[in-house]
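Below you will find the structure I want to go over with you.
Note that the chains are named A, B, C and D in the order they appear, and that numbering of residues resets to 1 at the start of each chain.
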Amino acid sequence: MPTPTAGKPLSVVVWGENRHEQLEPDVALRYPAGMHEAIAQGIRNQASQPVDVRTVTLDDPEQGLPVELLDATDVVVWWGHAAHGEVSDELVDRLHQRILAGMGLVVLHSGHWSKIFTRLMGTTCTLRWRSEHDREIVWTVHPTHPIAAGVPQPLIIEEQEMYGEFFDIPVPDELIFISSFSGGEVFRSGCTWTRGNGRVFYFSPGDQDFPVYHHEGVQRVIANGVLWAAPSDRPRVVPELLRYAQGEFVAGEDYAGPLRSAGQP
Amino acid sequence: MPTPTAGKPLSVVVWGENRHEQLEPDVALRYPAGMHEAIAQGIRNQASQPVDVRTVTLDDPEQGLPVELLDATDVVVWWGHAAHGEVSDELVDRLHQRILAGMGLVVLHSGHWSKIFTRLMGTTCTLRWRSEHDREIVWTVHPTHPIAAGVPQPLIIEEQEMYGEFFDIPVPDELIFISSFSGGEVFRSGCTWTRGNGRVFYFSPGDQDFPVYHHEGVQRVIANGVLWAAPSDRPRVVPELLRYAQGEFVAGEDYAGPLRSAGQP
Amino acid sequence: MPTPTAGKPLSVVVWGENRHEQLEPDVALRYPAGMHEAIAQGIRNQASQPVDVRTVTLDDPEQGLPVELLDATDVVVWWGHAAHGEVSDELVDRLHQRILAGMGLVVLHSGHWSKIFTRLMGTTCTLRWRSEHDREIVWTVHPTHPIAAGVPQPLIIEEQEMYGEFFDIPVPDELIFISSFSGGEVFRSGCTWTRGNGRVFYFSPGDQDFPVYHHEGVQRVIANGVLWAAPSDRPRVVPELLRYAQGEFVAGEDYAGPLRSAGQP
Amino acid sequence: MPTPTAGKPLSVVVWGENRHEQLEPDVALRYPAGMHEAIAQGIRNQASQPVDVRTVTLDDPEQGLPVELLDATDVVVWWGHAAHGEVSDELVDRLHQRILAGMGLVVLHSGHWSKIFTRLMGTTCTLRWRSEHDREIVWTVHPTHPIAAGVPQPLIIEEQEMYGEFFDIPVPDELIFISSFSGGEVFRSGCTWTRGNGRVFYFSPGDQDFPVYHHEGVQRVIANGVLWAAPSDRPRVVPELLRYAQGEFVAGEDYAGPLRSAGQP
């Protein structure tokens, strides 16, 4: 897989489902250019390093993420909700391979139930929820983490959908934020994992029914998450099963193993 | 999903691919009743609690794991290698759901590349390997873990296939064993994860070409792993996405969300 | 160090500071036999295995924990608050060595600032607090953990002191419970760590000003924690620095290294 | 505590015990300017960001780390072995407080038994060892970690002291490197932890009897570790226990609690 040239600004794509904005006038009022544009603008505003952020949507050709674009992308930010089922399995395969090879992924809010996130996690990624104007308070529990840099302690979101535990995810590699809600629920709202050579950050605040992506603190977290998820400058390669002779540590031989011969990755 | 009656011996099924034993005379000599029977006998020998262990194989009806059997099973032990691709996706779905609901899974050796393990992990689960009579030394690095109880420090396997890093798995919840090989490679050989309400243990020693499953220390680790992976006595339920009203913490309402309406779990 | 005989009931000592009960009539009314007795009774009520629970207090001879008693003890449960500074450094050394050798430790509530807990953690163990009748809701985020077995989801404590993040502890090995409070704070209220061959569980609910230790769910968590922290049946030995010759894996030679020669452990 | 001005090069101090170099001619030959200078030069050579590296030694005034210097330092790198016992408890207290407030610490090789490392860990930090020209092979098991950037897979050290498991440390937050040795031992050779607002990295390769600190790959790891351990630009403050009124999330009131009144931190 091609490795985007180092030294350039980080290449970021915000993928937006863009359905609520088309179907619900109040969402369109809240996010006149679409939620994806609000998210993208927040990253541009808050990133502490040069970033080149573009947006694509589900209804774009090839669902917004053709091979050429993915090959030139460092980090994908994902917002989906009502149309998870429409995202093609082929696109999910393509994304999965890119992430295993080193591309970063930032999954927002209702993206917890997206095909790409559940595939990476191996769990149901279910949770408890309620959309009734709860106040969400986001507490940093990992203060040395770069994703927490410059984030107020606590970060207060006046109105937001409630997401509560048990959140069925694998134990996070790093738990950065825990949220409380007016109703008394809690949620592991900022979590990281690695998968292959890639990094995944999930952040739950943000919803179509509330202006959360205009909140400066939320923007800062997402921007930090994008920079954290950025790949290193090593070549992007999906890990492979290789045979190494005794005393040979660097050059492995390929192996057409049973799974592959059966047409699997 | 039914919950096996508490108070009974733990119900364990060893699933064996049983192909090498049929095709390669030296394997048949090494494991006259099949590798699955050697694994099952080791669990019976070494388990510190009552266990009821049976074996099934890929060529049994419904690939050995019909619904009724899975519904009565606490822990599945998985050994596969040459025929991962033949395991039906339907069986993998069934296993996945049972594990998320609380059934335990112990994956052995070449099972690292099985469909069920890669699905649970979300990564390629690839590694480096060489089958050339390396000595493997298994070191306990988590001495308080119940899977390490009664296991010699170190556990020495005179001849074994080499499995080496980088092993493309998610960061384990618990890293219990690290192995070295004569050639200088290392491997995270004993790892645990949770997925939903279920527990997963991976242990790498064991191969068709070496008599590793007759090794008492290896048997002890597998028996410990089976007991560790056993479900609690709570009802077995796959985690669900439910709506909870303000002030209501226990009774959630079902939600026919976008993914489900699109025919997904 | 002696290893308590296996096969006997687990030997548990609840250490209580027992000062608030002597000085404040309302605490004495709430806990007529002392908080330590309420904690001990809760363990007896809720433990799913045979336990032999006794109580000792700060004002007992040798501050309640003479060598002979510690040598016969499997798990110590610690409640202290107003008199952390009075606990002798010698007792803390003794406890520390026993824990490194395999004895379990369960630290409750204000014990977060005890000498033994801060020594084991290496951090300040500070937090934010308020004693104003907040409702605490304890959510299980690690449902397969034995400490969560039989604990209601959520566990609701009508009135309790608030403990909030940032809680300055090392990242827990396992995060089992997260609490919310009426005021909107959150807290990692149930955490585990290992130290040497010993296990440590911290659980924050429980206070002199509220009848929390009479709460059945709280009792269940503490009883589960005691069983989880119990040592295995291997000999109790503090890990040592030993020299091993090439090819010798079991018998190490002692080494009077620089630290030890300077009078250190 | 003062916060070093942002925008300047990272301020790094390499602390060297500098005794072997004085007492053993072969060590002096191997490291003519002292091991600390070799370590410092390696960081200068390999750091991917501007660093200002100075060296101090145990026999300098105030054991090399007066308050003014520590207040201006971002990261301390520690090499000690024969004289751990001579480091004053007052200096260890001072270091500990700085680290909890955000200063980074990189501990090398025999520093595993230093007072500051054992204090931060809460364990014995013992291990098995042998100084007999084993070959050490360092394998990366966390390829997305910045400390692994640019490090060969594997990193081979032709001759080195053997350090083996069980290494009595708390479970690392991140396990980056695992080493094997000719004799068959393994070791968790690169580990990170957080303590308070500070970051700690331990890396085991490096010894007075072998020219390990002249190895480019080893230098790269240490330089990466220094950059990783660097504090963020927030004010450096040791976490405190503060009371927060209901609805007040930012301004806490100080509390002269029991431990502090007894003269403890």
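Just so it is clear, contacts are C-beta pairs under 8 Å (C-beta built on N, C-alpha and C of every residue); 3 or more make two chains touch, one makes a residue touch a chain.
Computed from a predicted structure; not experimentally measured.
The pair A-D is the one among A-B, C-D or A-D whose contacts match those of B-C for more than half of the residue pairs.
Subunit C and subunit D have Cα centroids separated by 30 Å. Look at where the CA atoms of subunit A average out and do the same for subunit D: the two points lie 33 Å apart. Here the spacing of subunit A and subunit C, counted between their Cα centres, is 38 Å. Counting only residues that touch two or more partner chains, subunit D has 137, 142-143, 153-154, 164, 166, 171, 173, 182, 184-185, 194, 249.
If touching chains are joined by edges, the resulting network of the protein chains shown connects every chain directly with every other. Subunit A contributes residues 102, 137, 142-144, 146, 149-150, 153-154, 156, 173-174, 194, 197-199, 232-234, 249-250 to its touches with subunit D in the complex. On subunit D, the positions that touch subunit C within their shared complex are 81-86, 100, 113, 115, 119-124, 126-130, 132, 134, 162, 164, 166, 168, 170-171, 173, 182-185, 193-196, 238-247, 249, 252, 255, 257-259, 261-265. Those residues of subunit B lying in contact with subunit D across their complex are 135, 137, 139-143, 153-154, 164-167, 171, 175, 178-182, 184-186, 188.
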